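The structures come next, written out as structure tokens.
Shared between the two complexes below is chain A, which pairs with chain B and chain C, respectively.
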Partner chain A sequence: MVELELTLLGVIVSLFYSLILDGLERKIRAKIQSRKGPPITQTLYDVIKLFRKELLIPSTAPSMFMFAPIVSFSMIIIAYLILPYGFPNPMGFYGDLILLVYLIVASTILLLYGGSSSGNPYAEIGCSREISLLMANELIIALVIATIAIRYHALSLNTVLASLTISPSSILIVLTLLLYIYIESARLPFDIGEAEPEIASGYLIEYSGPLLGLTIYTHILKRTLLYLFTSVVILGLVDNIIQLSDIISRFVTILLFVTLLSILYSIISNICGRFRVRHAVNAVRAIIPLPVLALILSFLGL
Partner chain B sequence: MIMELLSSITFFTSTLIRTFLTQNIMWPTFLFTLGILLSLPFKREKCNFILSLFSLISCILIIYLSLRVLLTGKILYFEYVIYRGSIYSRIFPFSKVSLIMDQLSAYFTLILGIVGFASSLYSFHYMTRFYGRLSLRLFSFLYLMFLMSMYLVLISNDVLLFIVFWELTTVSSMLLVAYERESEVARRASIKYFVLANAGAICIIMGLGILVLLTNATSFTEIGQKIDIISENKLLYYTVAMLLTIGFSVKAAQVPLHSWLPDAHPEAPCNVSALLSGVMIKLAIYGLYRIIFTVLQPDIYWGLALAVLGMTTLTFGTMMALIQTDSKKLLAYHSVGQMGYIVLALGTGVHLLAQSSIEARTLGCIALIASLYHTLNHAIFKGLLFLTAGSVLYRTNSRNLNLLGGLARAMPITFITALIASLSISGIPPFNGFVSKWTIYVSTLSTLHPLLTLGAVLAIFISAVTTASFVKYITSIFLSQPRIEVKDVSESPWSMGASMIMLSLLCILLGVYPLAPLSIISSVVGYVSYINPECIMSSIILYPSIVLLKPGVGITTSMSITITALLLLILTLTTLLAFSFIYKPMRITATWFCGVLARNVKYTAKSYYTEFEQSYRLMYSLRKVLYEKIVNPLMRAYPTVTRRYDKIQWEYAFSFILALYALSIILMLLFIRVMLGW
Partner chain C sequence: MTVNNDILKIFGDYVIKAITIDNIDYIEVSKDKLKETIEYLTKEYNLHYITSIGVDDRPLTRTLRVYHVFSRVVEDKFIVIGCSTDPHYPHVDSITPVVPAANWAEREIRDLLGIKFRGHPNLERLVLPDDWPEDIHPLRKDVPYNLRSVVEVKVTYPLKRPREHTVLPVGPYHPLLHEPEYFELYVDGEKVVDVEYRGFHVHRGIEKLGESRLTYNQVPFVAERICGICGFTHSTCYCQAVEKAMKIHVPERAEYIRSILLELERMHSHLLWIGVACHLLGFDTGFMHSWRIREHIMRLCERLTGNRKTYGLNLIGGVRRDINKDGVKKAINVLKMVKEELKRFIECLLSLKEVKARLEGTGILPKNDAWKLGAVGPTLRASGIKYDVRANHPYAAYKEASFSIPVYTEGDNLARLLIRIDETLESISIIEQLLDKIPKGDILAKDIEVHEGKIGLSMTEAPRGENIHFVITGKDNILYRWKVRAPTYANLPVLKVMLKECPLSDAPITIASIDPCFSCTDRVIVIDIKNGVMRVTSFKRLLRCKI
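Coming up: the complex of A and B.
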């Protein structure tokens, strides 16, 4: 049962590490903009500060305004529990790949319900934009899941980690996943749902105090979850080359991948402007041929 | 002669009443009939009360009977044989009345009972809308007739009875669609529905007619026993399969024959819409199950054809639902989409059960479980959604998503139940839609068949579209700022609230505790696939809101600790967080928008996903092609053909009779050729 304890340890480490990662990204942004920037632990301080502040509820909001972020947060925590951290997760099961995608969608949707329940029109606009992207993105991840299922007969993350090999289709899968998580984590060309200068943080507009802290934390956790997911797939892919047998070193490798992805993505997002909604949706649509090709290749056994 | 006839009539009536009373399968029918007779002399309140009372009791009875069949496995049947040549056969056109409630029928009658119960309870206050405007007597007659005919379709074992009650369902529901008869839209919708449903019924009659002619038997069980004649002749088999698939896919609203549904369902009163979407379109699924599994044998290509039909339907139906701004029309299009999910899973099951390997067959059973589970779930959440839409309509008289808004605080029960239903239909864990959709994905993806995999991809994608569509539905009706006056709106009356709460509790129960429905469904699947239900149950593992496949289906799984404990942990965490927030100092503040208080500023429903629609316009233009090239010509052709037929019948009676003779001679020659074998 050592794996179970290590998995729980992995979850706890990731929960803290995600805050540090966000601090790191802020530091990178500051360096690119020739600023000194806040300390690397600033996001942690921010969240703690927000949790200690007063709770403001808009008069137009029903009680869902308060409960939606909480449920959304626990959905993300469940998603963390089924992820393998470099070694087979004893809580994994056949089909948890689909469950993972579902939990990410569910968490996002609940956050959006909560945001738009404030009754602020800006929140609704942000919500509709975010969902337009989410719908377009879902087709991509569905194709990725199907490719993995056909090529490697795997619907669980543990099997993905164990059985992935370097092949044309698996390389295409990783490429697609890298694009998918970039869009899903709402980074700059695609952050049309929040878009501070335009619609004043979109669905987050009415949140304040502890609820804002929780939504921000959920958002950061979702980003890290997506990095972890991709890192698992990449580790499965390069497993035969780097040949790591030690559990701890595998976990550290995954964290390394996550950090690299985070640095890479924050650099990309810092040199980009924001898409218009139409362009963002079209950009997602333009990716579709990639996983379709992967699916066709996987049917051919490549 | 007359005396003989009279005495035989009295004898026949007394036998009929005696059998009604001794055969418990007939009790619901008896109660429905009694309800119709008793409500006829009364008006308004009394008529409404009798209607609700009798339909409630009958639905409870139906639930009891079906649960008894499903749990004990004892099949209920009722058979009444009239010998040829006796005087009764002159009065009673059928030589035999054969009704049977086996596991398959019982499962669908259970769905009828549950949705019927909620809808009848709901009627009690909802129908007050129509007092003084429309006749309650007419409604009572049609409503009870509709329920009764659906019940009888599900339990009739005789082909002729099946067709008669099938048509009775069509007629009564068509008249219910046109119940608000001052509305031109409703009348048009009901005519369209009637035309298409009849075109489908003709196909069903032809398909079943071929079966009856070839086997010389009239009941489904007897045809099933003599079916070897047909299974050997593949051409004949596929002709029957095609006719029945087309026939049933009209009622099951499969693309491209779905176009009646989005017109007809919104126009009916909301309690009837719940029944139409929840139960009536499921009759076609029942018909397919009955024909494929107990009458004919499953076939690989038939299964694939159904799966393709299902995946087309789920894509087009839901993409169309995304652009709707009328609350009931949106729900109706989602009915089309969700029926696609059911048919996709059914097709997968048929495809797999036609194979011989034990792994494929077990996986096929899982696919059938998914299909039946989704049938039940869809009946519950779609029934509930129509009831909530009705509740909003009852208080605000509006179905327009562009105008409604801000009802969450005024109508808390309606809001919360609608939210639960929309989370269910979006497949958000832990509600019931998630369990069945998840089982559909897992079973279709595990087949490794290109077409079925494509179906799974589309199903996952469309699930996100469904979610998006219901975010629009919920935010537009309940959360955003209204554009019409909703200040003095209050919660709907208790009977409407109670029925909605009942269905939403079922949504949660069937999601969190899937063991209860699955033990029932596995017995049904065992009955249709001739595989031991315990064997099916042993190939899956159940957790709260998750159904897992076990090794032996070609998959390895290592689940050494239960998710249950972890879920409890999460639940505790969530509750603690929630409480810590509730007891924090809280301040209510105003909502600001561009320097003014956000009042009457609404982001309209029609502009929600314009960019997405623009980007994926290919799918919508395909629909246009579909309508212009296939559906509309068909719709135009039908009246033209019937008018010609009418003309022949009235103006050239003689030539009409000649043509009939010629046709029957040709048919007979064909039949003889078939019997002799070509």
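Coming up: the complex of A and C.
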């Protein structure tokens, strides 16, 4: 049962590492903008500070406003528990790939719902923007799952890790995933739902104190979760080439992938401006041919 | 034929006075013929409306006066049309139906002096707070400068809201502009249908202060604090107005120093705006780099004047501090560096597709609307009208430099960005020319004589557009009337045109594209959530709270 303990260790390390990763991104952003930037642990301090603050809830907000971030946070934690950290996760089961995607999407929607339930017009506009982006983006991940299921007969993350091989369709899947997680992690130019100067942080506007801290933490955790998921797929793909057998070194490799992805994405997002809603949705739609092609290839057994 | 003779010929019997002082044609007409006179003038001559000024002249002539100020586009001339009215029944014909740009100025005069304008389309409160008593007009001479409103009235924001659209409040505090302003956007989905503006939360009564509390040479320092970004243009403009009124000859070297600093101010102001525009488009990296380049200018200003901002340099008759040889050398080096860095940055900025896509074709201001509603500065020039005070009505040392005035015809946000970029580069060239041939000599005029009852009018081209100061000199070293019109005042009304049918995501950059500048203090508004009543906290109440 050493794997169970290691998985739990992986979860704990990831929960902490995601905050450091955000600090790293801020440092990179500062370097690109020729600033010094806050210390790498700043995001951790921010979240701790927010948790210490007074809990304020608008008097008109329904109870959903308060519960949405909490439930959303626990959904992401569950998603972390079913993820393989470079070795088969003993808590994995058949179909957990679908559950993973379900948890990611549901936690986003919950946050949107909670935010917009405050009745603030900015929150409503932010929510409607985010939903229109979500609609296009979720189609992509659905197609990716379908491709994996058809090509490798796998719907569990453990089998994905074990059975992926380099083939035209799997390379297309990785490419699509890289684009999908970029959009899903709400980075520039896709951060239209928050867009601080336009709609004053959008659906987050009414959140403050511990609830805001929780929302921000959930957001950061979701980003890292997406990186982890993509890293698992990439590791599965290159497994035969790099031939790592040691559990610890496999886990470290995954963390390395996650860090590289984070650095790459933060550089890209820092040389972008924000899209208009229409442009953002069009950009997402432009990606759809990729997974469709992958799906066709997988039918052909390629 | 001069304007005066022309008017005398047509409205002969109604003209009370028609004189020319320097480049100002001053015409006083009977108030019954005011509107006709202005209608005739605007039709016959190519006139640019500047502002309207109300004066409480009761101590001298027992009348209240209104002056409408126009400038001529083709030559360096100003036309002031004045009329007087009985203080017991202060009514004057509104010129807004003829000159739409006069809308706000007339509302302001109604607030501050209590003169009513017949035929004005919307004569509601503009400047005064909602809890201010109806019958006290602060700029009247019998109202002390330190009077505070004592009644606490329940008020609501009297904006006419269309019911069928989402109301999106932008302000009084909003991350779009970190200053108090209130735009109410009416939104249909992602499209802005209409917009209402409410401002003047922060009217500080600086004019009243200048007319009652400050001496001539103290006013420049307060004038410089009108704006937190382009203050020097205000103090220069004020000093020039007084110098004109008293016919003071300013030493050439002082004029050069003023021009150099005015251009440095334009550069740092434009760079600040370019940064903010990048931020609003989500391109924070551009924001940081623009401000990094701006920092060189700020440090140069500190080197030259002792202050990064609010130089405190102007006095009536010249400047207080000279630029030495080291300063000139340093300035040349810094400008060279800034030019290089700026060009590289602009190249990067304009190569970003999504940034350009959001600027192109949004917030369009048609040429006609721009001219009719009285837009000024880069906003006007981006709509295809070549009008720049530096060239049309040269002041300080601008005659000595050769420079081009960038004009774009598209009238969209991109045009307004490009204008500011071109102007920044043009400023570098102006400063270089002026530094090259700055003459030796005094920097402050000697033996200044003070005359009472003179009129002075001066315009400067601030980074945001034309800035006007109008003074009437008084006795005891104190101004009789000081009127300031900052450029944003003229540019705000055109936002209504620019924002209509604009996508919501482009509303912030459109609002920012006029480079609005409000001042940074605010009153406290208490909102009772249960019954939705807003109440403006009065000064008395604030005192009770020991603030």
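The rule is simple: the second predicted complex is superposed on the first by the 302 of 302 C-alpha atoms of A that agree within 3 Å, B and C clash if a C-alpha of one lies under 4 Å from a C-alpha of the other, contacts with A are read in each partner's own complex, and residues count from 1 in each chain.
As a working rule, a contact is a pair of C-beta atoms (placed from the backbone, for glycine too) under 8 Å apart; a residue touches a chain by one contact, two chains touch by 3 or more.
All values derive from a computational prediction rather than experimental measurement.
Asker: Is A:Pro210 contacted by the first partner chain B, the second partner chain C, both or neither?
Answerer: first
Asker: Let me test your reading of the model: by the given contact rule, A:Arg35 touches which partner, first (chain B), second (chain C), both or neither?
Answerer: In the superposed model, A:Arg35 contacts chain C only, not chain B.
Asker: Looking at A:Leu24, would you say it contacts chain B, chain C, both, or neither? Reply first, second, both or neither.
Answerer: In the superposition, A:Leu24 contacts neither chain B nor chain C.
Asker: Scan A:Ile271 for contacts with chain B and chain C and give back first, second, both or neither.
Answerer: After superposition on chain A, A:Ile271 lies in contact with chain C alone.
Asker: Once the structures are superposed on A, label A:Ser74 by its partner contacts, choosing first (chain B), second (chain C), both or neither.
Answerer: In the superposition, A:Ser74 touches chain B alone.
Asker: Determine, under the contact definition given at the top, whether A:Leu175 touches first (chain B), second (chain C), both, or neither.
Answerer: Neither chain B nor chain C is touched by A:Leu175.
Asker: Identify which of chain B and chain C touches the larger number of residues of chain A.
Answerer: It is B that touches the greater number of chain A residues.
Asker: For A:Ile125, using the defined touch cut-off, is the partner it touches chain B, chain C, both, or neither? Pick first, second, both or neither.
Answerer: Once the two structures are laid over each other on A, A:Ile125 reaches both partners.
Asker: By the touch definition at the top of the document, which applies to A:Leu244: first (chain B), second (chain C), both, or neither?
Answerer: Once the two structures are laid over each other on A, A:Leu244 reaches no partner at all.
Asker: Quick check on the superposed pair: does A:Leu56 touch chain B, chain C, both, or neither? Answer first, second, both or neither.
Answerer: first
Asker: In the superposed arrangement, what residues of chain A touch both chain B and chain C?
Answerer: Shared contact residues on chain A (touching chain B in one complex, chain C in the other): 59-60, 121-122, 124-125, 129, 277-278.
Asker: Which of the residues in chain C end up touching chain A in this complex?
Answerer: Chain C residues touching chain A: 166-169, 174-176, 187, 190, 278-289, 292, 352, 354-355, 357-358, 503-508, 529.
Asker: Along chain A, where are the residues that touch chain C in the complex?
Answerer: Against chain C, chain A makes touches at 29, 32-35, 59-60, 121-122, 124-125, 129, 188-189, 191-192, 195-201, 270-279.
Asker: What part of chain B is in contact with chain A in the complex they form?
Answerer: 406, 408-409, 412, 415, 419, 426-429, 434, 438, 441-442, 445-446, 448, 450, 453-454, 456-458, 460-461, 463-465, 467-468, 471-472, 474-475, 478-481, 546, 548-549, 554-561, 563, 566-567, 570-571, 573-574, 577-578, 581-582, 584-593, 598, 601-603, 607-609, 611-612, 614-616
Asker: Can you name the residues of chain A that touch chain B in the complex?
Answerer: Residue list for chain A touching chain B: 1, 4, 54-62, 64, 66-67, 70-71, 73-75, 77-78, 81, 88, 90-95, 98-99, 101-103, 105-106, 109-110, 112-113, 116-122, 124-125, 127-129, 131-132, 134-136, 138-139, 141-143, 145-146, 149-150, 153, 155-156, 158-159, 206, 210-211, 214, 277-278, 280-282, 285, 295, 299.
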